[in-house]
Amino acid sequence: MSETASELRKLTLDDLHAAAERLKNWGKWGPDDEVGTLNYTTAEDIVAAARLVRKGKVMSLALAFDEKGPQGAKSDYGAIGRFNPIHVMLRAGTDAYSGVLDHRKIRGADDIIIMPTQCGTQWDGLGHIFYGDRMWNGRDCRTVTSFGAQKCGIEKTRERMVGRGVLLDIAKMLGINWLPDGFGVTNELLDQAEKHFGVSVGRGDFLLVRTGQMEAKLAAKTWDGYSGGNAPGLAFETLDWLHAKEVAAIATDTWGVEVRPNQTTDAAQPWHWIAIPIIGLSVGEIFYLGELSTDCASDKRYEFMFVAPALPITGAVGSPVNPLAIK
Amino acid sequence: MSETASELRKLTLDDLHAAAERLKNWGKWGPDDEVGTLNYTTAEDIVAAARLVRKGKVMSLALAFDEKGPQGAKSDYGAIGRFNPIHVMLRAGTDAYSGVLDHRKIRGADDIIIMPTQCGTQWDGLGHIFYGDRMWNGRDCRTVTSFGAQKCGIEKTRERMVGRGVLLDIAKMLGINWLPDGFGVTNELLDQAEKHFGVSVGRGDFLLVRTGQMEAKLAAKTWDGYSGGNAPGLAFETLDWLHAKEVAAIATDTWGVEVRPNQTTDAAQPWHWIAIPIIGLSVGEIFYLGELSTDCASDKRYEFMFVAPALPITGAVGSPVNPLAIK
Amino acid sequence: MSETASELRKLTLDDLHAAAERLKNWGKWGPDDEVGTLNYTTAEDIVAAARLVRKGKVMSLALAFDEKGPQGAKSDYGAIGRFNPIHVMLRAGTDAYSGVLDHRKIRGADDIIIMPTQCGTQWDGLGHIFYGDRMWNGRDCRTVTSFGAQKCGIEKTRERMVGRGVLLDIAKMLGINWLPDGFGVTNELLDQAEKHFGVSVGRGDFLLVRTGQMEAKLAAKTWDGYSGGNAPGLAFETLDWLHAKEVAAIATDTWGVEVRPNQTTDAAQPWHWIAIPIIGLSVGEIFYLGELSTDCASDKRYEFMFVAPALPITGAVGSPVNPLAIK
Amino acid sequence: MSETASELRKLTLDDLHAAAERLKNWGKWGPDDEVGTLNYTTAEDIVAAARLVRKGKVMSLALAFDEKGPQGAKSDYGAIGRFNPIHVMLRAGTDAYSGVLDHRKIRGADDIIIMPTQCGTQWDGLGHIFYGDRMWNGRDCRTVTSFGAQKCGIEKTRERMVGRGVLLDIAKMLGINWLPDGFGVTNELLDQAEKHFGVSVGRGDFLLVRTGQMEAKLAAKTWDGYSGGNAPGLAFETLDWLHAKEVAAIATDTWGVEVRPNQTTDAAQPWHWIAIPIIGLSVGEIFYLGELSTDCASDKRYEFMFVAPALPITGAVGSPVNPLAIK
């Protein structure tokens, strides 16, 4: 039914190149497009998604952004400069109490945040991954310079991250708290989950796939091994499934969506090579799906309104986000 | 009908203290409450708000977060340490092109953001303003230290910023592009706007008041005078109106919601003294309401689903936000 | 001869208060003074220090400022927000190679640094520690607000950190690579070291005391336990010794100069309580003394010209520094 | 005698290429060298420099690092991401006063600094400028990636920035407060200045050239036009002079050392194209030379000990610095 990493088909670079040719969406929404599969979601889809709000319950799918986040834990993955959010006050209530603000005639507090866009619950924008010298829609990868993404910045998605959300709770389906590291979620499993939960993934949907790994880490009270470590996740073949389903975006409760160890040692995160630059798929990572899992199990409804607006940071290749599932 | 700043009633500190006594919501939702008037919004309200989504249109109410934001322009207001967002790449497509990432077997870009939580479109959290030595719900202002807000951090609102949005477009009602600086939006004007636009503001609503000032600045292509300068905005008396209406939150297209020059020189931002620590009102600032204004004028519907999730930054007294109006 | 922490005299708060009365230098250089014992160093001392330069050898006493620094390692000490330097490029050679800078007609790289002033080799400024509600020279501690040190900022030392340096290499004297954690360097040991190394510490000197702990950590290839952990260091009584000697400043190769566990549990870092706000002593920490130790052992000269200019960051309570010993 | 920009010889790219061939120091100190002309300074030079300390006077050549620095002022130069230092407290005396630190049993303040390495008084490292695809010593410019300078990082200079300083005060020599914008300091003028001030620039010296422009800006109380604007500065031909003199480093009181408008529109900062990557010259900018100018005029000694240690920030292409002239 499912496969562990050791049983998943081993990939070669030829497999990646073939997938790139097979799944390439470049030009599908015109040469100027900067948002890719987010185009799949129509106004009608949004109206329909809003109709799914029946009990008025809002669930945040975000981890708190703070020094307890998943960065900085032990990892075999080479450092790429990410760190947990650094939150610093510009003024505080202690200044107020001390009277040093009173010449301003108002007592207030202010603060700043210093954070990688991908330090916690986050969207990968379409400028995040390149395929050779190309990025989404066939653009030259030099479109993303030290001055930011001149095209496909996350700010282009500012009015896009709204639609029907669907949860496929693989761990729940299999009756376990969390999938083991290296467990590959295959197309067969995704099909099975649709049937199991009575929900059909379709064009323009925001698909959430739960592995339970985040609950494993929260239970262990350590993020060691989460960022860049072994993990359950999507098998490479799911690219075809997602492409055929025409989902708007996908998100999981893991660091990097795809199964780790990867199905090849010739490429790191081979699923990413295709998903972002070739398919034009927006990818959500480090989503907290625990509360949503419990709620869906309780009311048996695995679809909901999904609203997850990125911060429109000009030229950013990702964004921290507080995604909401509204039922 | 309305009044310019020079005609608005001058306030004394006694007026502020009287308002504080009159409008104090401390304890209303129990001694442990940390979200104030956001409690007004019920599950039923959220369901009803979702029913307002009829054409599937999503409008972002956020300015882009970048170096062109409103900080750093000329202002007579003393510096309080805010600056425009600083966006820096950790890796870029130019690194990819240069081949220096290839030993990682994946070509990607990453970035970080350094930003005051209140540098652009933003929520003021309940830890942002103090009344004497007190903050929302009567807590000691020393609850907000250099280590952040130990209570009432913005992260407590993570599942709260959803409900019915109502736009009162004062500039539009008066047939002008923007209200002049010093123009006070009074209770009478708010009442008039409800009638004019055929919408009634009520308990649990997210009220957006448009002055047009942002369009004035965008037209002038300079933010000079926006942050901390003179501005149209809410008169002090609107605190009573908002308290009586039991709105969940309020936001405007100005830097600081209230009319400037303020109605007193004994206090800076006197409306804030009461709104946040006394009423427990979440306040949105620097909201971009131009597109929404046009849309509402076009379809004559001044209510919509409003979803504006703060980033759950632990202990923060505000948050940048990409607020969405969904119709 | 020397004592481990368990043998050192236990302190009470009364001991601290008595020391504060006994050693208080407030007013010694006038009510407006902001640099304390740095005043001890005279122009003549600087001329004499320069005469110590005989072989033209420059030794840096700084650790590199990077992600491998001592912050972030395991520590029982509560987090105080320090982190290793974050170095990010604004432009890089890879941008140059990619041709994306050529419209500027110059190919260059730029960068930024984000760092706590006390994340690595650093000066503690006189605004760093308070004694009750007082800071150096008797000022109200509210002189240091969220807007920085209004007095005694590190920028006041910009022309002061030059003079005769003296190394007392306690580990070397005792014939061991490094002193054990909890080892207290007593006045008796300091006296002995002067004799042993044939050097006399005097008014206006910059005294460096080597424990070897940094070499222990470098040998172990981990900083675990360095920041805020147990350590060899100065016994509380050395405050009297330093006060009597009238040194300009002192620095060691440990995180916090003084012996840990501290000689009391009623105060944390009791030596700091007195040294900085009461004596007005500038304190250097995390100085790399390994190369200097070897050099002094080789040429038998434990005195040298010492130049360690703080960055004049306005209002800062510390500064990263690249201290130089020049022989 | 001297020339304004309009009179200076116009350059072509061929002139630059010819200069590159003529002045190239690649390989001079071996293929692994990372510090270039800093190699010129010998141990004997350092001993001799120390002998210049005769009155024990220390002068800082640094501007304060704060929000009043030269970044952010008006400039026609395209933004390159530099900003004034952002100094933020991690704990303050107001926290101490408020009692919120007392559970730690010590009352202290801490802070962080966020700054471009080139926002104020600074060293340009040898990774700062590229010549085509090459950097200092012939290395590939891709040596400087988003992860920093893998070679020639500023940390390599940590024990190098010590030697004889020489001031050539061109404005003073010409009897004016400051040279006008566009004024080119030619080789003839440098020769004349040596005679005028009775000092001879030689191998291994740290040469400071004063234009007075900083005093012009300080007098005007605005930095408008300083960063990237027109300025007096070194003519292109001085590259030959500096190369022949074998100076260790050069610094001026302007933003960019060389005369602006530049002597060509085919290249921006043509002097930099050659000085840093071809000659291997460390370049100091935004040095405050006003106090030093006055002092040298007073004692007629235009040479001094110069100590200007960069912060050893691993992989940085520049460093803020507090340079000291010691006489």
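Going in written order, the chains are labelled A, B, C and D, and every chain counts its residues from 1.
One rule holds in what follows: a residue touches a chain if its C-beta (ideal position, glycine included) is under 8 Å from a C-beta of that chain, and two chains touch if they have at least 3 such contacts.
Note that the structure is a prediction, hence the values are computed from the model and not measured.
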Which of A-D and A-B has more C-beta contact pairs: A-B
For chain A paired with chain B, centre-to-centre distance based on mean C-alpha positions, whole Å: 28
Separation of mean Cα positions, chain D and chain A [Å, integer]: 45
Two or more partner chains touched - positions in chain C: 81, 88-95, 97-98, 100, 112, 114, 142, 145-147
Pairwise touch network: line, ring, star, complete, or other: complete
Of all residues in chain D, those that touch chain B in their complex: 67, 72, 79, 81, 83, 86, 88-92, 95, 98-100, 114, 142, 145-147
Residues on chain B engaged by chain A in the complex (per definition of touch): 42-47, 49-60, 62-66, 68, 78, 80-82, 85, 87-94, 96-97, 104-118, 127-133, 135, 140-149, 155, 158-160, 162, 265-269, 272-273, 305, 307, 309-318, 320-324, 326
